[in-house]
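A quick write-up on the structure given underneath.
Letters A, B, C and D mark the chains as written, and numbering starts fresh at 1 in each.
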Amino acid sequence: MEKSTVVIGVIGADVHAVGNRIIEFALDHAGFNVVNLGVMVSQKEFVDAAIETNAKAIFVSSLYGQGELDCRGFGDYCKEAGLNNVLLYVGGNLVIGKSDFEPVKEKYITMGFDRVYPPGSDINQGIEDLKHDLEIMD
Amino acid sequence: MEKSTVVIGVIGADVHAVGNRIIEFALDHAGFNVVNLGVMVSQKEFVDAAIETNAKAIFVSSLYGQGELDCRGFGDYCKEAGLNNVLLYVGGNLVIGKSDFEPVKEKYITMGFDRVYPPGSDINQGIEDLKHDLEIMD
Amino acid sequence: MINQKMPLVEFLALRQEVLNQWITGKEVNLEEAVAYQKTIKADKRFSAKLKQAALDKVTLVQPRAGVALPNDLKKLLKTLQDEGGADLLPTTIDSYTRHNRYIEAQTGIDESIRIGKSLLNGFPAVNHGVSVCRDVVEYLDVPVQVRHGTPDARLLAEITLAGGFTSFEGGGISYNIPYGKNNSLEKTITDWQYVDRLVGYYEERGITINREPFGPLTGTLVPPCISHSVAILESLLAAQQGCKCITVGYGQCGNQIQDIAAIKTLEKLSKMYLNRFGYKDVRITTVFHQWMGGFPQDEAKAYAVIAWGAATAVLSGATKVIVKSPHEAFGVPTAEANSNGLKATKQLTAMLKDQVAIESPMIVEEMNIIEAETNCIIEAVLKLGNNDFGLSALRGFEAGLIDVPFAPAQCNANKALPARDNNGAVRFLDFGNLPFDETLKAFHRQKLKERAETERRDVSFQMVIDDIYAVSKGQLVGRPR
Amino acid sequence: MINQKMPLVEFLALRQEVLNQWITGKEVNLEEAVAYQKTIKADKRFSAKLKQAALDKVTLVQPRAGVALPNDLKKLLKTLQDEGGADLLPTTIDSYTRHNRYIEAQTGIDESIRIGKSLLNGFPAVNHGVSVCRDVVEYLDVPVQVRHGTPDARLLAEITLAGGFTSFEGGGISYNIPYGKNNSLEKTITDWQYVDRLVGYYEERGITINREPFGPLTGTLVPPCISHSVAILESLLAAQQGCKCITVGYGQCGNQIQDIAAIKTLEKLSKMYLNRFGYKDVRITTVFHQWMGGFPQDEAKAYAVIAWGAATAVLSGATKVIVKSPHEAFGVPTAEANSNGLKATKQLTAMLKDQVAIESPMIVEEMNIIEAETNCIIEAVLKLGNNDFGLSALRGFEAGLIDVPFAPAQCNANKALPARDNNGAVRFLDFGNLPFDETLKAFHRQKLKERAETERRDVSFQMVIDDIYAVSKGQLVGRPR
């Protein structure tokens, strides 16, 4: 079976690189084709890369607290670009400050993300969910 | 002027001796005549000593948490013994567990104490209050 | 007091008397109790878990905790085990039981049931009896110890050991001097010989019960040589009655060099004296108590004190550490606060376990001081008592050769006075009758002179008071304002 | 990049360009700014307070903090000062400003005003301008520093120094490599020469501004020799432009011996190289950053990590310590959480200040290693750049002679890989192109071999991953499960 492609990166002016490296490593080990855009990625770069590589999913990370500003309209932007079937996941420290996760999750769902992960999530959870959503069997 | 006498001690089965030593030292330095009954003092011992020494005040300490049980009826007991004008102060860790001080204070006021002190109080505050209550000028 | 292992018949005769002290004594059947203890697996036995920890060079964590009612106790201990990650559990006994006031303890139980809240500062195990104890211990996955402060703990030991506890804290000295006022030392030592004999009896039957002399004593500026001397005497007394698994303890003073040196010498000296008197098969482990004096009220600051204790415990190589909670300055902690103390401690015991403890000539120097002091005391005391351990302790305290600062007990001389030196190590400001040689005395005087010069004030009792308050006010050395 | 103090005319010419980058640049008048800085008293100046701390051998505490709006910032910093007891205050700049995206920063300000909550992760000082900065600084009783992560911080420096801040963090290397992706190192070094020249200008006029290269870099398993090398190069670059008061930094690795050795060598080596190039009147102090990697989510555990950092900071003799909060794993802390981190830290800086730091051959040995490593790097780099500091840095990074683990910057080689040894000290698993001699390489290999044997697995990238997660999961060495 052909490997599914996942585009990953850290959005906005965010330079937190460590989690991004580990996500690449983990997706790769799990059998995905990973396109890692690294840190400081704009919405446009995510979408262009997804189109170009015919990606099945985009994993957006935001650690530095300004994700709320950076991710605004991400879902709509993807749709406009014709990315209707691409899964959008987002994770990291998605808002400024320690807060209940439920309202944060809702906020990002509203922005068009399919799945939202709380601070310090195990990336393997994300990979499991991805396999489930893509109906990939182990 | 004659020195006023204060009876001090730690009530019940309580053996916390350190604060008691310091209270003796501080009252002594402040010019009082101190009768120190030490630790593990019963209500009867407090009252007997106060009568015998014609004390102006009794300083009860309770640290170990069982003060609520030990101090029950202390005010009435003093009155029954004829100690109507003796000031009753109590301080220490007066209940089990960390809790708001106001209800604790009320509880001990109800038991007949004139003044109630929260955990880790500065003994000099107690001495100032005593001077005030006894109308002693510095 | 006797100076030999108590003969079995004598012991068994005495038991009847002890078991009659309270109604629940009748529930204890020694044969059945031995059989019951045999059913307790190694992972729920103190002796096995301590042995393994010593081998693995890790430091186990243990809280203090106890409430009036069994179901509440079960819930509390389970939380400390599951949430807090306690490796070892306690059951702290209430203060009425500690003074054998079982009637008042019963009132406490009844009242606690009535108002639905524990009015006792611990678990009245005697009143609850054997089967309730078993029910508690069986509910948990890790070993459980009895922690108390009971001068006469004979009935408590009978009931709790039959009740499945696998470790028993205390001793005839360490549960008298800091925990009572008028108790005769002769009586408490005799009563604890009974407890140790009971443990020795279990040992004869193949059941090892861990014994732990209470190290910190008054918890207030106790110099290592004093607590070491008590630990050594109680270890000898316990070994004489047949105890084979002893954990000697020490309460953190706060200066890291002194604290590390203290744990190292505590182990070394205890083994040395046990060997000298032929108790070569006694296994010695150590317990480090996080700061036992007055705590800061602010919880963030309390966490810092807790963490510093945790770090020093691991770096000193202690086998276990007894944990404080961020509620310490206020009152008996909630299960949550207690768990938080455990979690903070565990974070550091785990993070630091791989680190090689720093070796340093400064630690060796401090070890030499503590050894010299302790040897002065123990040799003088043993001489006075003709190597009869009980008698030595008795006469030693009478003569003030051992003297515990701030102790409430009348049988303690209360002449020696401690104060911190310029680096925060606890020294003596007044020797009382401590049998130190001139070199040692000169050392202490010099150390306090240095501090006095730095602070531009005389060495005096005010220093001691300042030191008592210091940690709760965010210092170690109580400097003048 | 130049290799001399930037001539005054050149500098002044360049200024006009810089000040035109954003509207608020117009507010800066250098003469007036110097006059304003002269009105700031010693107790509100970084330079004076650090000097005094070094003399008194105490460790000052400083938090990180910044919010979008001035009034909120004032309130926040005042709380940290009054409740938390901060000795020094920060103003952390938001990430848009760090990337000179002043338009987005403005959106952030406007949005924050609209919804009444800071949507920026720091204070956009450029957008707010000089007089707002002064208003903030004047409101407080202790010195305030600009902390950021800005590759091109020229305008930010102009505005904040005119705005009354007395210390400025960063450097052409340390605010490039961990904080950007595509920034040319040549450009960032040149831009920071401007910042340093500005500080040098103030210095010429009698105003000492403290400069602090950012020590921890990526905060993630950075071996001391790497951060030391960057600190030394940035100190040389700063000194060359006339800076006289430099604080070199280091992020805690977690093994106490390595951490103490790191602070000691950091000070020693920085001074040595400054001396060698004739900068003998530069005052060097040190800053210790509490654990900069991933934190445990549980607050009790976070407190333990904070306290361990505080203790190591004091015992290493650092002049100040930068404090984390119990919210670290989640997000920018509330004022209260931030104060709690400060209070926990202060409890230990105060309790431990009187303790003599342990001297040990083990620390000396570790110091020797760090010195040898750092000298290998710096000598190789200086040789490659013909003692031109900027060129040396540039070529050194190009050649991978300096290599910062996990850096996002493309100008970083990213070949060297760190991992912990069996005792938790950070070593190299892969040297990349680091110019270590064979003895050093053999040392590192041996250290990792020991760990591999203990863990019965091969030395591999999995170890690195395990180490990255370790502290947040309550370990130091990431052992296999």
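Assume contacts are C-beta pairs under 8 Å (C-beta built on N, C-alpha and C of every residue); 3 or more make two chains touch, one makes a residue touch a chain.
Note that the coordinates shown come from a computational prediction; the quantities given were computed from them, not determined experimentally.
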{"item": "Touching both subunit B and subunit C (chains)", "value": "none"}
{"item": "Centre-of-Cα separation between subunit D and subunit B, whole angstrom", "value": "54"}
{"item": "Whole-Å gap between the CA centroids of subunit A and subunit B", "value": "65"}
{"item": "Distance between chain centroids, defined by C-alpha means - subunit A, subunit D (Å)", "value": "30"}
{"item": "Set of subunit D residues in contact with two or more other chains", "value": "none"}
{"item": "Residue list for subunit A, restricted to those that touch at least two other chains", "value": "none"}
{"item": "Topology of the chain contact graph, where touching chains are joined (line, ring, star, complete, other)", "value": "line"}
{"item": "Interchain contacts, given as pairs of chains that touch", "value": "A-D, B-C, C-D"}
{"item": "Contact footprint of subunit B on subunit C as seen in their complex", "value": "94-96, 98-99, 101, 104, 107-108, 111, 118-121, 149, 178-182, 218, 220, 294, 297, 327, 329-334, 337, 406-408, 461, 465, 468, 472"}
{"item": "Subunit C residues within the subunit D interface of the complex", "value": "254-257, 296, 298-301, 303-308, 310-311, 315, 326, 339-341, 343-348, 350-352, 354-356, 358-363, 422-424, 471, 474-477"}
{"item": "Residue numbers on subunit B that touch subunit C, as the complex places them", "value": "12-18, 21-22, 25, 38-40, 64-66, 68-69, 93, 95-99, 119-120"}
